[in-house]
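So, here's a batch of structures to check.
Same chain, two partners: chain A is paired with chain B first, then with chain C.
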Partner chain A sequence: MTYILVLEQILNGLQLGVMLFLMAAGLTLVFGVMGLINLAHGSLYMVGAFAAAAVAGWTGSFLLALIASLAAAAAAGALMELVVIRRLYQRDHLDQVLATFALILIFSEGTRWLFGSFPLFLDVPSHLSGPVSLPGGIEYPLYRLTIILIGLAIAAGLFLLIARTRIGIQIRAGEADREMIAALGVDISKLYTLVFALGAALAGLAGALVGAIQSVQVGMGEPVLILAFVVIVIGGIGSIKGALAGALLVGMTDTLGGVFLPQLFAVFMDPASAASAGASLASMLIYILMAAILLVRPSGLYGGSA
Partner chain B sequence: MKTIRMLAMAAAIPALAAAAQAETKIGMITTLSGGGAGLGVDVRDGFMLAIEQDGRDGVEVVIEDDQRKPDAAVQIADRMIQSEKVDILTGIIWSNLAMAVVPAATAQGVFYLSPNAGPSALAGKRCHPNYFNVAWQNDNLHEAAGAYANEAGLKNSFILAPNYPAGKDALTGYKRMYGGELAGEIYTKLGQTDYAAEIAQIRASGADSVYFFLPGGMGISFLKQYAGSGVDLPVVGPAFSFDQGILQAVGEAALGVKNTSQWNKDIDNAANAAFVSAFQEKYGRLPSLYASQGYDTANLILSALDKAEASDQDAFRAALQAAEFDSVRGDFKFGSNHHPVQDIYVREVIKEGDVFTNKIIATGLSDHADAYAGECKM
Partner chain C sequence: MMLTRERLLNWAMIAALLIVPLAAWSLDEPFIITLATKAAILALAGVGLNIALGLGGMISLGHAAFFGIGGYAMGILAAHAQNYEPLFAWPFLFEGSNQMPLIWLVAVVFSALAALVIGALSLRTSGVYFIMITLAFGQMLYYFAISWSAYGGEDGLSIWVRNEFPGLNTLDPIQFFAIAYVILCLALVFAARLARSPFGLALAAARQNEDRVEAVGLTPFTLRLIAFVISGAITGLAGALFADLNRFVSPTMLSWHTSGEIMIFVILGGVGRLYGPVAGAALYIMLEHLLGGISDYWQIFLGLLLLLIVLFARGGLIGALAGREKAHG
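Let's look at the complex of A and B:
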């Protein structure tokens, strides 16, 4: 009985981890390549979810909804880069934080203006709903399993993109030395727009995938954004490999801590206060993890010299 | 000559201001942006509908958005009390915000009428003559759910709520009435959106039913994930997870769920029928229980203003306590601690045409007062 619970929680942690990876990948690329802190990354997640909910409402097709989420978030990201972000590369981080925070407010209120204050409906498609039986007698929701597989596939795709393609070489070169690759004739501003749109599309996809099992509402991106920042700090800023490792670590810690800490506390406390104290400590756990990792490796697990 | 005219005008301004003093100024602090905005919007719309229907001169409502942040709410309250000189404050949705604002506001001599949050502290030891709760004490709906669980023969409930004052009140309220065993008790993070871990624990716990209090978007997430998990234990909840605003986003997953509420659109009285049709006509959607609470709050204030000015505090307080207005809930009266004594119903989620909504199937608790009234000395 207990080992099934543990295995199921590990799957849950994995699922949270791959979702966080989709968010963190874009964030870490943008920070690594352009040196930009983008607080509005969570808004792109929201844009993806709303686009998916709207398209699913019109057409009834979940696949079209996912495509719409990618397209809408990539378009919103590219537009954001061209209109606002482009002017911020030379500024210091405080200006970037201020401007992208303003973007959060604009996106949130704009979405409310378009869609209203009430959460939208976006459901899991019928052929992916319900549980499946896994070996070992675990009943696990098919949709969450699909999310894990999609996330892992995208992670593999990103590694190939970064390691094997011309764009990937340019991205890595951009991280190492911006001026030099511009001098070598790479159109750096086009590269920046492309990287930004790619990161945005991943965030939008994450929003749509998660929106189907959570609620599609204004402000849904900000809690995830905070976790994504924790992920890239743990993983090392600019590193895709670090983002994956950090995301899985945070996903596991958050999920397993939330379940097992209260039970651990219950060994020596009465159940009600153990539930409350355990829940409180569990919500601190990922930050404790982050502090511990930074203590040992100040630039994160896969970070370069900082 | 010019100077004299200007002086005359300057002299006239305080006179105008003095005339304006006779007006009643109501400050509404509520959540109009961010994740919990649907609740605040409903309270505001219900409240303003009643003010508009009444149409009298001399009542001014100032509305501000607290963004569900306690610090923002405190700042707005200070500004409304000190520079805008409001007589009455109202509107707060969340108990943690109410705890931050209400004690300070009532201590400064302002009336506070709660259209939603009813934390236990304000009903008991920290009650105040100028604080009235028009909705419910936080525990009430959960107590009714506990009573319903006994009646439905549930013997081993798994219960969960967010880790904040109203969440603790919720589970305390449920346990106060519920007579069976607990298969588990969990406090989740406020604003949490993924409940996979909790649902796995429910599956492993051997419970025969689930009781949860997760207002707003949290409830939508939980129900959708629960429906997809293959766990099919019966679910019971308070109305907050099944109100009109979120049912459409939950969809089929909520059908048939029993929930407890002090109000529903099918309560049979003239005031309620008029409210439901007027609300639909004005806003193009069905009202939620939050809207009904906003509407009742405004009508209570107006009924008290018929008898006394808000500046005449003792008379106004007595007029509020008398609560002589046509509540959409039918019978309504205040207990000794200024909290409602009212019927609480059991509802079931149904589908009417294309719209998901609730219908009353039973009365959970009749003339129910809260458990903290005895601790209130005023």
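Let's look at the complex of A and C:
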């Protein structure tokens, strides 16, 4: 086990972490501002990936594909909010869970109907393919490095948006006291649609970026959705900072655990059972992490009172 | 006993669930009997969830965990029995089992234990955290089952012959239906008595006003945890029966879609209605059978129907037919 392997895996963990952040940011904003739990967030991730794959197939341009993923997911998100979600803000969580679960069924089967059951492929653009040499002698895929940089740039942009702009002030005010901000003359329903579309666009972008590494298929958003839930439970619901911390923690734990646990077990077990025991434990590791954090802080790392 | 419209409807439903397969039996239509058996078993899973959801107000999106544990209890015991491989040799030699009562006992015990652990951790939180955490624990078991290659991993585990019940031929569809139906009826009676018992009343009170329950000296956490364990155990029993119906268990039983579906049975029928899961599961099976015959994409219609019920008809099927009164006070 060399240090190059360790560094490579850390970069992989970082890459998973920033993608999870793009998903979790939208979820946590929507919950923080509107008090809504949205299970259909994974569908927006899928919409982004399919839009990107379709546009890349027609035009051959990866950049256009990314723009399409942002636009399609934002449009789908805005539509979802206008038609269904806004009727749910005053409802209890059970109704929100069910209605957004129903949306998943509609989106997944609708996509299967449009594109078929076979996965689509979105190719890494040629000028981003191939490895790049990093200081320290590491060869790392340029595309994955680009994803990390895009993710970090968006995280920085999101922090600026929330902390420095007028929209950001309104979003934070909406989290604190929605009646008051409405009374002060902010069009709250427009703000809600905007926040929802913003979260949807981030999810769609994540779907398109990851779609080029994995395959684009129906249901691809759901494993990521569950991870994003773990992320915001760890980070504290409603906190962007918590989403970032939680995403990096989950990304690292999942990646490093998957690689190193079987090796660790091999020290005191025979290789075959070490591989299977290590893989089993690694698949549960982030949930164990979540349970441990909840035991210490029931409302997450950066959460207020739950 | 007041003869309300809801009670009449309940009797009509439970009678219909018996009459349809009996009619199918006399007409020699085993497929219909299997559908009815599936409805009865899924209704049982819903009855379990409804104790947590309707009575206790705990929105668990992780009940697939218990359903799947029940399923794997049956799969593991039966697989060892059919392959003559001892499951363990200490403290006594145990070669698995193909006897339903023993399998049910194991399923109930292990799903109750899982519910105890998951509940004790999850109930430290409430609201949205509780939903996400139960979901996450369910997924944890799902991924564990996928990577657990000793029992089939992703491919699942097949059983060649359905397990046995003393005195009955379980391979005969109508006899297996009878088992599922009797268990469902017993669970309904149990749930009704539970709801009217001092424990059930305290639990419902904890749902409605936590502070007052604490003020009279009861602990909402303990009440909820006990209800969660009972709920998980019943759903686990349903899982063992479901696996026996299909003679197959796979990680799909543990996936969060299964949790969502069990919740759909409860909601289609009407939350907090004792017979809601029966109505919901029967409706679900009918939709799956009828719409599934028209289109491969029938879940779009299921999604639309569910959306309409949540947005506009919140009492579910029973609410629409019997008015807005609640079964659980």
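Basically, the second predicted complex is superposed on the first by the 305 of 306 C-alpha atoms of A that agree within 3 Å, B and C clash if a C-alpha of one lies under 4 Å from a C-alpha of the other, contacts with A are read in each partner's own complex, and residues count from 1 in each chain.
By definition in this document, a residue touches a chain if its C-beta (ideal position, glycine included) is under 8 Å from a C-beta of that chain, and two chains touch if they have at least 3 such contacts.
None of these values were measured; they are calculated from a predicted model.
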item	value
Partners on chain A (chain B, chain C) - clash or fit	clash
Partner chain(s) touched by A:S276 [first = chain B, second = chain C, both, neither]	both
First, second, both or neither for A:G258, with chain B first and chain C second	first
Contacts of A:E8 with chain B and chain C, given as first, second, both or neither	first
Partner chain in contact with A:V218 - chain B first, chain C second, else both or neither	first
First (chain B), second (chain C), both or neither touched by A:R112	both
Touched partner set for A:W58, first chain B, second chain C, both or neither	neither
97-105, 115-123 or 349-357: stretch of chain B that collides with chain C	97-105
Where chain A meets both chain C and chain B, residue numbers	108-109, 112, 276, 279-280, 283
Residues on chain B engaged by chain A in the complex (per definition of touch)	32-35, 37-38, 41, 163, 168, 185-189, 191, 193-194, 196-197, 200-201, 203-204, 216-218, 220-221, 224-225, 227-230, 245-246, 248-251
Residue ranges of chain A in contact with chain B within the complex	1-2, 4-5, 8-9, 12, 15-16, 108-109, 112, 117-121, 123-124, 129-131, 139, 141-144, 210, 212-220, 223, 255, 258-259, 262, 271-272, 275-276, 279-280, 283
Of all residues in chain A, those that touch chain C in their complex	31, 37, 84, 87, 93-95, 97-99, 101-106, 108-110, 112-113, 222, 226, 229-230, 232-233, 237, 276, 279-280, 282-284, 287-288, 290-291, 294-295, 298-300, 306
Residues of chain C defined as touching chain A within the complex	53, 59, 61, 121, 124-129, 131-133, 135-137, 139-140, 143-144, 146-150, 256, 260, 263-264, 267, 271, 297-300, 302-304, 306-307, 310-311, 314
